[in-house]
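A, B and C are the chain letters, set down in written order, and residue numbers restart from 1 in every chain.
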Amino acid sequence: MTLALPTRRIEEWKYSDLARVLGDAGFGEDSARALVGPLPHGVEAFSLDEANRPDWVNAHYGKLSTNAVSAVSLAKAQGGIALRVHKNTHVEAPLALDFLGQGHVRALLVLQEGASLTLLERCGGGETRNAGFEIVLGRNARLDHVRVAPNSSAVQVEEISMTLANDAQYRAHFANFGARLSRLELTIALKGEGASVDLSGVSVLSDQSHADITTHVTHEVGQTQSLQLFKNVVGGGAQAVYQGKVTVKPNADGSDSRQTAKALLLGPRAEADLKPELEILADDVKCAHGAAVGDLDADSLFYLKARGIPEKEARHLLLHAFLEDAMACITGPDLRESVRGAVSRALDEVTV
Amino acid sequence: MSSAALETKQQVAELGEKYKYGFVTDIEMERAPKGLNEDTVRFISGKKGEPEWMLEWRLGAFRRWVSMKEPTWSKVHYPSIDYQDAYYFAAPKNQPKKQSLDEVDPKLLETYNKLGIPLSEQMALAGVAVDAVFDSVSVATTFKEKLNEAGVIFCPISEAIRDYPELVRKYLGTVVPVTDNFFATLNSAVFSDGTFVYVPKGVRCPMELSTYFRINASETGQFERTLIVADEGAYVSYLEGCTAPKRDENQLHAAVVELVALDHAEIKYSTVQNWYPGDEDGKGGIYNFVTKRGDCRGARSKISWTQVETGSAITWKYPSCILRGDESVGEFYSIAIANNFQQADTGTKMIHLGRNTRSRIISKGISAGRAQNTYRGLVSVYGKADNARNFTQCDSLLIGSECGAHTVPYIESRNPSARVEHEATTSKIAEDQLFYCLQRGLGQEEAVALIVNGFCKEVLQQLPMEFAVEAQKLVGISLEGSVG
Amino acid sequence: MLEIKNLHVAVDGKGILRGLSLRVDSGEVHAIMGPNGSGKSTLSYVLAGRAGYEITEGSIRYRGKDLAALAPEERAAEGIFLAMQYPVEIPGVTTMMFLKSAINAQRRARGETELDAVAILKAVRKKAATLNVSEEMLKRALNVGFSGGEKKRLEILQMALFEPRLAILDETDSGLDIDALRLVAEGVNSMRAPGRAMLLITHYQRLLDYIVPDRVHVLAKGRIVAEGGKELALELEAKGYEQIIRDAA
């Protein structure tokens, strides 16, 4: 396999010119780090830079990654972390996972049957980084995932690829504040009946920042569900990208899928590119998608101003309201509030 | 008018054969030698008695084409085409021009009769002028006088190149540039004939213009070229209907259609395409790789595409609108039905360049058998397109569990005052709908035809009356045998 | 006209009707009453021939023929009409278009000549007026956006147009206010005729105040547990299903 970086000529990278922003150096040869908070009972960790990987790591490591960039991180990453939550273990407090430093890094998370975990992923530092993250959810496992990517002037790419067994649930929220080039790619395979994913995200972008969320959810078997709701507020000369592909495999009857992507453009140089895609190969399915790009509703704005609310504050309020339903499903009030706070600060930036 | 579903049943019963138009007219053909090189291009141009500039234009396209690669990005799959193993020019030998229908080869007239478009009747039908294109050369043009009175030019493009060179030179290749894409470039080099329409300033074309295209000679790639220009304030409605004889080799059809609407002009372009789709096993059928594009060049101009695609083994077409003029309007209404092994990859591009431009896309895709049906569409709003508006509704209906429906919309906006909305749904014919129809006495296939026609209604309504009836019947015929 | 003997019907392998017997003669109106889940709708669907309702035992004879051997559309042409509890919406197909297709499909199946659009429109208009079905409704897509009352009136209009031999009315009273109920009942009563039988399937006695049946049957757990004249309906109303079913046991 060649390790060349994708150019815009590759359909999936049409809106994110990775080869251009990275230049000849690419991601370089460095290895970034993955740090994890204090391990709760029933959770074990293995540092991927150590030798003698245990069987549970070998069984899953490098098995799910699919895209070109992930292949690079697999080839070059020296370290990273593997985590496993034991069978029927319910971890109450959110576990923090931080990616730090420059270069390539890998992570693996395995939830065994009936396990549950809330993961708070933070993309710190602001260095150029390429992360590859594999997640395996066993039967009845439940993962709540919140990922916060603060504004950065670097290039940050992450591929999350995962499989879900019967009745496994994945609920995720991705808050994005843009980077020089920010790309989050999710490749999700619903492999067991009753499996479901609920993805949501908000991107609030200003200046020249960029945020690209690309998802590919495959309903490999029937009686599976996927929901997606992504909202973008784009100011300055920023660019928001959402590419979502849902595939329903032959005979995956009873699949239920809904994707929605919306963007508000706030400035004359802002850009939004939305591509919600359906690939349906079974007939007994419920699939729908919707997408919209526009501006704040002028009537609402006028109404608020007429009640004495200053323009900037009114805009802020309406933008927050636009984003709210995508944040509403974040598990845990503390995490939800912290995302709301970050969004609020970012909105101040874009509504100047 | 009696119900389309019933007529469908009757028609199918009367046919006794699956594909009504599967016959070959035995007329001697004059052909260019097999293969494609500069000499082929010169041969075609020479046969047409074209001026030097036209030959140069073709040669330019050919040289460009040689360096191009066939596109691979669409969802369709087909064995590679050997462009050297085809004839690029075929014309009925009994030429040239006939003064009246009596002089036309009776076999041709018989062909038209089988097609259900007897010219004598067509001529009598008020409001429809038919410029029948048989393979590459136009053989009969009617209603010329009436159009002449209005100042409308409606003629074979080969004739227009000779008689109206300024008009043709001014507009040809300005919407679909010679270099646009592999198939359009090929067409530019070797196009055999086609249609030219010019509606002068302020004129509302007094009748629907209609051309029936037909591929006849075996192994003949068909390269139609259509150019329609509506000058300021003009209006024209153009109908294109297609049928092709049954044949086992796959035949390539790479047409180019260019529409130009100047200030306040309106062009309505309707297509019913039921070319031979191949048999139940996926053998044979037409490859339909078409470039259709309209340029709303003037302020407040409007271009509306309506298509009913039920034929061809492979369809690859994206009738598009460039909304250049302020307040211009683009519309795309589409029904694409793919049954058996058919592959359809179709959609549109709405390029919003001007202020207050509006576009509307209604796409209904129906997949049955083992067919693959893809909607691929782009709505792009450029920075200067203040207050641009787009609404897209994209619905897929699946009949059976072995077919596929794909929706690939691209939405790109660079203007904060623009509003783009896209909705898509996927469904199947509900069991309770089918049962309801059966309980009231409708047969299975009749019920399916009725429900599918209902699903397509928004698009069928856009067609001129004459076409709407034909299209409704086609919907039924194309889905025959799709429900077990 | 209709003779059901020891009928057992399963849906998804689960037995719903378990030994139902019923005889309805020409010119009679029978009411089938029963609590939720007793198998009332299953009976109507199996008579109309809906897929998925499997006869595991027993027989249904209609005018001397084995009904199970006929496809749903053949039953329709033979004069079986089912007014559905939840009439189905078919987007894009106008009501008028649907009526025309159905009338002519049935005529064709019976070897009769088809009617042209004008003749059908005339017939539809005449019957539509008495059922308060407006022109505008006929132009709308079949049942799409119709109120509950409009849907039920349209079912009765179809019954009037098709002139069936055996009309099965499944919960035709549900979702109707008093005025609509009266209108529908008048439509049904006007259809009573010596050559026609009707089966009213209902949960409540209310409908029977307006359409007086010749016989009343109580359906419970997949079989007829009690039978009687029209007074049985009143008794049911007074005592409730549980009491009657217990008395019968």
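FYI, a contact is a pair of C-beta atoms (placed from the backbone, for glycine too) under 8 Å apart; a residue touches a chain by one contact, two chains touch by 3 or more.
Being a predicted model, the structure only gives us computed values, none of them experimental.
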item: Most central chain, Cα average position; value: B
item: Reference chain A; chain at largest CA-centroid distance; value: C
item: Distance between chain centroids, defined by C-alpha means - chain B, chain C (Å); value: 48
item: Centroid distance [mean C-alpha coordinates] between chain B and chain A, Å; value: 42
item: Euclidean distance of C-alpha centroids - chain A vs chain C, Å; value: 54
item: Of all residues in chain B, those that touch chain A in their complex; value: 73, 381, 383, 396, 398-428
item: Footprint of chain B on chain A - complex, ascending; value: 11, 250-251, 253, 263-295
item: Interfacial residue positions of chain C with respect to chain B in the complex; value: 48-52, 71-73, 75-77, 81-82, 84, 87-93, 97-98, 100-106, 108-109, 114, 116-117, 141-142, 158, 162
item: Contact footprint of chain C on chain B as seen in their complex; value: 1-3, 5-6, 430-433, 435-444, 446, 450-451, 453-458
